[in-house]
Structures are given as structure tokens and as C-alpha cells.
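Got a structure for you, questions after.
Each chain carries a letter (A, B, C and D) given by its place in the written order, and its residues are counted from 1.
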Amino acid sequence: MTEFQEKSTVTARESLAGDVFRLTVQAPRIAAAAQPGQFVMVRVGDTLDPLLRRPLSIHQVLPDGGLRLLFKVVGKGTGLLAELGPGRKIDLIGPLGRGFSLAPAGSACLIGGGMGMAPLYFLAQRLLRGKPGPGHDQVLLGARNRAELSLPAAEFSGLGYPLHLATDDGSLGHHGFVPELLDDVLPSVRQVYVCGPYPMMRMVALKCRTAGVACQVSLETHMACGLGVCLGCAVTVAAGGYKHVCKDGPVFAADEVLWKM
Amino acid sequence: MTEFQEKSTVTARESLAGDVFRLTVQAPRIAAAAQPGQFVMVRVGDTLDPLLRRPLSIHQVLPDGGLRLLFKVVGKGTGLLAELGPGRKIDLIGPLGRGFSLAPAGSACLIGGGMGMAPLYFLAQRLLRGKPGPGHDQVLLGARNRAELSLPAAEFSGLGYPLHLATDDGSLGHHGFVPELLDDVLPSVRQVYVCGPYPMMRMVALKCRTAGVACQVSLETHMACGLGVCLGCAVTVAAGGYKHVCKDGPVFAADEVLWKM
Amino acid sequence: MEDVMDRGGVDLRVRIGALHLRNPVLTASGTFGYGRELTAFVNPARLGGIVVKGISLAPRPGNPPPRVVETACGMLNAIGLENVGVERFISDKLPFLRQTGTRVIVNILGDTVEEYGRLAGRLAGVEGIDALEVNISCPNVKKGGVAFGTVPETAAAVTRAVRAAADVPVIVKLSPNVTDIAVIARAVEDAGADAVSLINTLLGMAIDSRSRKPCLANVVGGLSGPAIKPVALRMVWQVARAVAIPVIGIGGIATAEDALEFLLAGATAVQVGTANFYRPWAGEEIIDGIRDFLRQEGEPAVRNIIGQVRVDEQ
Amino acid sequence: MEDVMDRGGVDLRVRIGALHLRNPVLTASGTFGYGRELTAFVNPARLGGIVVKGISLAPRPGNPPPRVVETACGMLNAIGLENVGVERFISDKLPFLRQTGTRVIVNILGDTVEEYGRLAGRLAGVEGIDALEVNISCPNVKKGGVAFGTVPETAAAVTRAVRAAADVPVIVKLSPNVTDIAVIARAVEDAGADAVSLINTLLGMAIDSRSRKPCLANVVGGLSGPAIKPVALRMVWQVARAVAIPVIGIGGIATAEDALEFLLAGATAVQVGTANFYRPWAGEEIIDGIRDFLRQEGEPAVRNIIGQVRVDEQ
């Protein structure tokens, strides 16, 4: 695997919902090497607070060497990132980690909750490579509300995918959680890809296991390095012991993971 | 003394020499209360690095509630400050400290070296209050080079003051240090105001003592609070013991200070 | 207490032994002067109390400059315990403090065990003092300059001397520069301390590489600010499990979040130090933030969350 | 040494006893993996050396997650000494390290004095190991879990066991969680250590107030990063004056400025830790920065500035 550092220039910043942003940066080397499900480690600014880089999924890769990040402001790092307008610099390391395995035997279902949508768009793009359209593949998306969901939803349908939507407040699509949409579609699906909040992934993983459907999950942990040296990003695996999200993942087979209540 | 906190908006940022900046901010309450020689404590950004506020002299007070700061980038805090364009916010506390005593009996000489010019412009303005012009008052300014000196020099002459200039590289005025210009003018002067690098102030203080001319100096120390609570800003005084630059100063009678070699 | 229920229907009152506080937020010694300096920015009456700058028997001039330097998310200070001495404190500073409407805790220090005792004796009976806080991070002149607070026996001796002479609650302020702070805490508890507060500053140093000189004239100084918060919180947690007397948490507290961590770890109250330098209104903001948190969490009283960190999974 | 004079006409070589280093910049244990992970960003051959992640006799799985959390200008970790064990280290990790062209220092740890000795014995004679670094911040299982490094006698016992079994220089890595680190340093010097390195992490804690749970599953963890630099520098200065063996400075070093402070305080070399996480190339940058500094200051060799902090005014 090859990793790069790039001092990237921000070319666009869009505010989706109030605290959700989409940032486009020029990072041609990372963009060229990126695979769906991989991530970048982002450093905002040169001061010592925040100190560590923040992991963000690669949301989109543009033909001109652009890279898109989709993120929600939840703290200091993402807060500073949201302040960066066009022309500002950010320091990226990537692409990192092991992404999604891309050869589904049969139709796929992509399930994204909240910012878990971020890596799935890139995946959805790549799954279309060398194919006329999404075929029987489909996309399930959930978010807090319409504002957060409408733009990403439009982009997925732009790729031709059939969409099933859910919002916490019912302002768009199903009033409730995404996994609730899964039961209807699961019988026709052979491969599920899921990224979102932990309880949602756990529920999807369970449903897939019961139905005997292959499921890949993209996990989050706190990461100090993203590069495999701190050993901070451990997750407990079903076989006993730990794996490291930044090197062994972030994407794992759902059955590999020891899901906690 | 009344102090205020203001979340001020930057209205203009000008780059003078490469690393010297002039920042104009809206801070009407501080501006209205400010006296020449007083300073503000500036906090740049909300992160914890840099942690403490930085002291900067009040350089100019504008009739519209504007406040000007003149500063050189020497480290992290001033570096971040120099990045703030119009519309950005900075958090100021001021006006702080005891400024210059304003009633010179006889003609005055204002001596500024480098960023020591900052408080002197405000002083020069105030000394003109209720007077048709500067009379026999004059201004001596020194800086590293022409780039750093020309704009401030133009502003002082704009007020009508006769100017004597010196640069370290000889690119404008006398090739050498400001205190060297003092010998010629000292016989006709009754009050010297000086702000600049320590060795320069010490030399001016010595010349004034020898000549029997009153001299006020504006001192710098590291300050944690600027508000009289940390006791970190001590300077050794000739009478023994310490005074605190943020409360007892920053302006002192030159003879009060125990000058060190 | 005037306002039994704090505005907003949340009970913020706490007790440090016999000392009743309106809310658990105090200002730390040496960071809030003698109560008068920051009144442009903070209303002392809203605070749980003010701990004043450390007072000695005789006035002290303090250390030569430079006395402070900023470090990553913190600062070093070597003020050298500059203070006006107990007599001028009583005559010049206490009258203002007395009428602020908040609790006044007097931080005291000495070079010998006897000095501590005499100081406590001098302050006994003086009106307007609600508690003493004993700074035992000072060098023990008779024992070659080793800090009282690093040796259980001397820490206990100071505590006994102060406790015997004082007529108000005695809070002993612990030094973090020790192998096992719980041992010192138990020693001062056994010696009669009504409460402990911790931490004082961590010993640190900075060097200016160009001049090759230490940044502080005193060479070493005390590290404070957000940088030390994890160490302070760990020590508060250890001490709270080791002693039965109330614990006051200090170290890098700048926000309500920070204060809540200390309360959950077992602190009955907290002190805000370095944060006052860059946000003099930090104390009031923290009180408001604690109230908001309790309301959101449906907790009627701050007492309920003290020591409630969930470590049972261990 | 291949390049006697570093590019640029400045002599950066230093000696840690019999261990000759091309330059004084090492990477700290646990922050640079086993040398292979960061080669996309740093050329190991340019470093003074690599200190590998701590190795024990048997492999260790480490602690449950969460294992890391960011704090103000620092981070807490409770990795739990996860490592592949000495056998897999020798078979899987050492071959790569051996051909990087830099010095390889193996950090070792154990639960008992005997384990340390056996580990050193196992590594004796193994080709490609230039020195051992002994992590004595680990809990002493036989003494109720008190860290070896906090008690002079156990620190000395570990040192003796390793020194007796090892055939390369032995560096003992000191814990900062002690009242007087100079006492421990002298104890390990007397026990035969060829050098000391310091500091390991400060014990700290963080709590998530919403969940009321510690941020680390292990409750407490080790604080590292710029936040701890002032404490580390003070301890290096104290130890450098207390022992005759070389001192290696560690703690919050992220820039050449930082490294220079430690060299001036008396460190013969430095280790870069947490900085590798956010700037994997920090080590190389620091080497370049030290060289630039020396050239500007007209110093022909880095040796000349070691311990040259000017505290004579005291």
C-alpha cells in the first residue's frame, strides 16, 4: 500500500445541513490511489490544539485530482475544518486502511446512516465501473432530517441507484431507522455494505447473519495515528483478541467483529 | 480604571513590511476609554494553543470606534493574528495599564524603535489635543529598514511632527540606531517618551539622566494575565523590589527602573 | 445560604466539612488576586468562593523576572510566593473580600512548621475568613528545602500545627510531585485536615535555545493549565477513593465539561486557576454550564453526581 | 559511522556509552512500530536510531478499547503493552529493522525481575540489536503491582538482571511518576545501567461526562505529547546533574527547538514519540533543524551544546 502526505488546497466548502459540510480539496496523489472505504488522516492548522489528525472517509474522488470529504461538526477538529474556505490549506495523509471488497456475487445493498454515507458514495461510484448501471444494486440511507439527507440522496440517485430513505424526524422517507428498511430488500441481496452509527451496524450485521447474507461493515474508533504504529485503534474480534481498525480495517466482515451490547 | 471585554470584528489588515502588520478592529468601548500607552490583551481563536492572551499596545484610536494595532510576527500568537482578514473576530480585553503622563512642561521628544512605535502614534495624536500643532515637539523613529519605517513615518509627519529617522541598514534616514540621533535634540527637550527594544530604552534613559531630562519608558515583560492577578510581569525597580508592568506600568519614569546590563 | 435553589431549579450547594458553598466553583490561589482585580469581568458573589493568593507571616517580594512563560496548553510560573504578608492582608485586602458576598478561603504558606502554626493563629478569630487552605508545596527550610508536601510526616506536621491554631475548616493543598499522592492525602487526613485540595502545579522547566538560558530566572517553575488536567483528574480520583474527607479538584479546569469530570471523579468542589488569566469570567461560565448539564441530565442536585464515574466494569 | 560529518559540515554524532549514533534523534518506543510502518514518510537510515515497541517474553494482546483519547496538547494511551512477543519479534520484525541502516534499540518489559533477565538473555547474541531499553514503568506483579520504576530497589534489581544477561548497552527508561527521579536514576546507575532515558508517560485520566465513564477502558493511561514537555525537561535537567552516565531525553519533543532544549539541559540524545503520530517525518525534520541551528550558532559539533544551559546566575 502506498500512502502520501499532501498539503492540499481547499477548492470548495458547502454547508449541507447546519453542521454537515462537504469539503473539496485538491489531493491528486491520494485521489489517484484511493479505494472505496479508505480514509485520510487530516490535520487542521499548525497549532498543537487539536494535536492529532482526524480520520475522515474518502467520500468522492473527482477526475481532476479532487477529493471530497463529508463530515459533521462534532468537536474541535471538525469545527476548525468547517471554517476552511477555498484557498486554505489542509494537510492530509492517505489513502489509509483496507477498504471494501468489491466483487459482490449477486446484487449489493449499500446502507449508510448519518456520516456513514461518506464512504458509500465512493463505493457506489466504483461498483458501476465497467457496468451500464447499478443493476439490482440498491441504496438505503438514513439521517436525522431532510436537510441532512437530500443532497446525498440526490447524488446517489444521480448514479442511477434505487433509493430507500429514512429520517429520524420523518421529514423525508420512512419515519424511523434505516435497518427497518432492510427486511424488505434483504431476500434479494447477496452483499451488504454498511457504515453508520454502531447500533445501526450491529443491527444490520445481525439481520444479515440471520439471513445468511454477506455483510461488510466500516468501523470507527479513536485513532491517534491511522498508520499502524500506536495500536490505539483496537476492536475486539469474535475469534478473540483485537484487530486494528486503521490497518486491518476500517472495513471488516461483519462476522469477524465481536459486537457489544 | 474601567476595563472591557470586546469580541471585536477585524475591519482591515495591512501588511507593512513582510512581517509587520497593522490591524484595524471595531472595539468602541475600549477605544473610547483608551489612553496613550495603554494596551489590550488579545486572544486569537478558541483553541488552547496559544493559551494565553498576548499584550499589544493601542496604536491608534479612530473616531468611529476603531482601534489599530501595529505588530510584528515573532511567534505563534502574532502569526495567527496576522492571518485574520476583515470580518474575522478577535477577543480583546482593555484598555489596560497606566499609560504616559501627558503634561510635559516644555517640548517633548517621542522616541520609537521597531514595534515601540506602536503606542507613540496614539501619544503623538493626544499631545496635539487643544493645540494648533506639535510646536517644538519632535519624533525620532528607528526600524530595521525602509519598508518597516516608511508608513509609520508618513503617519507621524501627517500629524505635523518633525521627524528624525534611523534604520539598521541605512535604507532610510540615519544608518544606525535611534539613540544616536538624540544627542542633537536633547538640549532643547524637557520630556522624552520612549518605547522600543530594551537596550535602546536603557541608552535613552541614561542619556536623559545625564542631561537632566525627564524620561518615560514603556516596558515589556511576559504577561500571563495583564490584569494584575498573576504577578508574573515583575520588573526590578531602583528602590528595591518589584513593580508589575501590567498595573504599575507599562509606562514608568525611567529613573524608577533598575536597568540591567 | 441566601439562594437555596440556584436560578434554574438546580441545587448547586455543596459542603466542604463545615464550609457551606453556594456552588462548587472556587477560584484557585494565585490566579484571582485578592478578589478585587477582576470585578470588571466576574461577580464574586456568584462564585462558590475565592481562594486568595498565598499569604505568609512577613511580606515577600517574590522571584526576579522572568517569572512566567507559556508552554503547550499551559504555562510555567515562578512567582516566588510574592505577597503582602498577613498583616497587610488583614488590613488592606480582607475588608473588600468580606463584602463581596462570597466565601473567602485564605491560602497560607511558610518556611517552617512553626510558621504555618503562627499564621493560622494570627488568622484565628479574624472576621470574614471562611476557611484556610494550606499550601504544602513550599520548601521546608529546616529539611534542606524538600517540599513539605512530598513527605507524609512533614505534611502531617504542618496540618497538625494549622489545625491546632485555626478556628475554621482547614483544607490541605497537596503537591502532585510525589510517587503516591494517596499516601500524603491519608497522612493529612489522619492529622486532622477537614478537606484536601489538589493539585498544585507540576514542577517543570523551559529553555530558550538561542540564549541557552532557562526561560524562568528561577530555572524551574510550576506547570499549570489545561496541559495538566489529565494528571490532576487521575490524582483526584485516586485521592477520593483513599480518604473520607471532601476533595477539591484543581488543575487545568477551564470549562464546565472539565469541572464535571472532576466532580464525577469524586471532587466535591473545584477551583479554576490559569483559565482566569485568559477568561476571567471562566468561573461564572462554569457554574452556568454545570447547571445546564444537570438540567439536561435531569439531576436535581450537583451532589448527586459527585464521585459517580462508572468504573464498575473494571 | 558511515558519514563522519553530517551533510552540511556539522558533526551530529553522539555516543551513548558504547553505542555510537549518527545523530542524536531516535524514535520513542511505541510510537514508530517496528520500523516498517512509516517508511513512506521517513527514511530510517537518516535517524539516529529506532526504539521498537516494547517486547515481552510472551505475546500480549493489550487492553480492551478505547485505548487512546486526545487531551489538551497531548494524549492518553492505555495500549496495555500489546506486542508480538520476543520470538516473533526476532523472526518477523528484526530482519527488516536490521537492513534499515540505523541503530536498533529493543525496548523490553516484564512482570517480574526474572522475566526481564530472561528476555535480555534471549536477545543476547541476536544479530542486529544495538542496545536494550528497559521499560521499568510496568507493574511489578510480585510486589502488588507497584511499578518497578517507582522504587529504587526494584528499579536497581531489574537493571542488574538485564545488565547481567545483555551483551549490548543497557538503557534504563525511567518513570516520571515519582517524588525524586534523581534517586531512581542514581539507583539504576549504581546497578550498572549504561544510560538512562526519560520520561515515560505521566499517569493521567479523562472522563466522558455524558456517559459518566472513563474515556479509556483501563480507566487510567499514560499522558504524552507537548503537554508534558516542561515536566520531562525539568526531570532530564535534574537527572543529568545527578548521574555520570548519558541521559536520553523524551517527552513532547516535536520540533528541533524542543530537541535543543533537552540537549542543552543535558541530554546526549532525544527520542521523538507522539509527534510521529501526526508528523511521521518529525524525526528527520528535527535532525535538519538541529543542524541548521548549530550552523547558525557556529557550533561545529552537537556534542558542544550538550548540558550547556546557562544557569550560573543562580
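Operating definition for what follows: a contact is a pair of C-beta atoms (placed from the backbone, for glycine too) under 8 Å apart; a residue touches a chain by one contact, two chains touch by 3 or more.
Fair warning: this is a prediction, and the values are worked out from it, not measured in the lab.
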When you check each chain against subunit A and subunit D, which touch both of them?
-> B, C
What chain is the most remote from subunit B, judged by the mean position of CA atoms in each chain?
-> A
For the pair subunit A and subunit C, the C-alpha centroid-to-centroid distance in angstrom is 46
Taking each chain's centre as the mean of its CA atoms, subunit C sits from subunit D at a distance in Å of 34
For subunit C, jot down the residues that touch at least 2 other chains.
-> 72-74, 225-226
Which positions in subunit A touch two or more other chains at once?
-> 48-50
Based on which chains are in contact, what kind of graph results: line, ring, star, complete or other?
-> complete
Contact footprint of subunit D on subunit C as seen in their complex | 71-74, 76, 150, 177-180, 202-207, 209, 211-214, 217, 219-220, 223, 225-231, 233-234, 237, 252, 257, 260-261, 264-265, 293, 305, 308-311, 313-314
Hey, which residues of subunit C end up touching subunit B in the complex?
-> 30-33, 37-38, 40-41, 53, 61-70, 72-75, 77, 79, 82, 225-226, 254, 274, 276-278, 280-281
Where on subunit A does subunit B make contact in their complex?
-> 45, 47-50, 76, 80
Can you name the residues of subunit A that touch subunit C in the complex?
-> 48-49
Within the complex, which stretch of subunit B touches subunit C?
-> 2-5, 43, 48-53, 93, 221-225, 227-236, 241-242
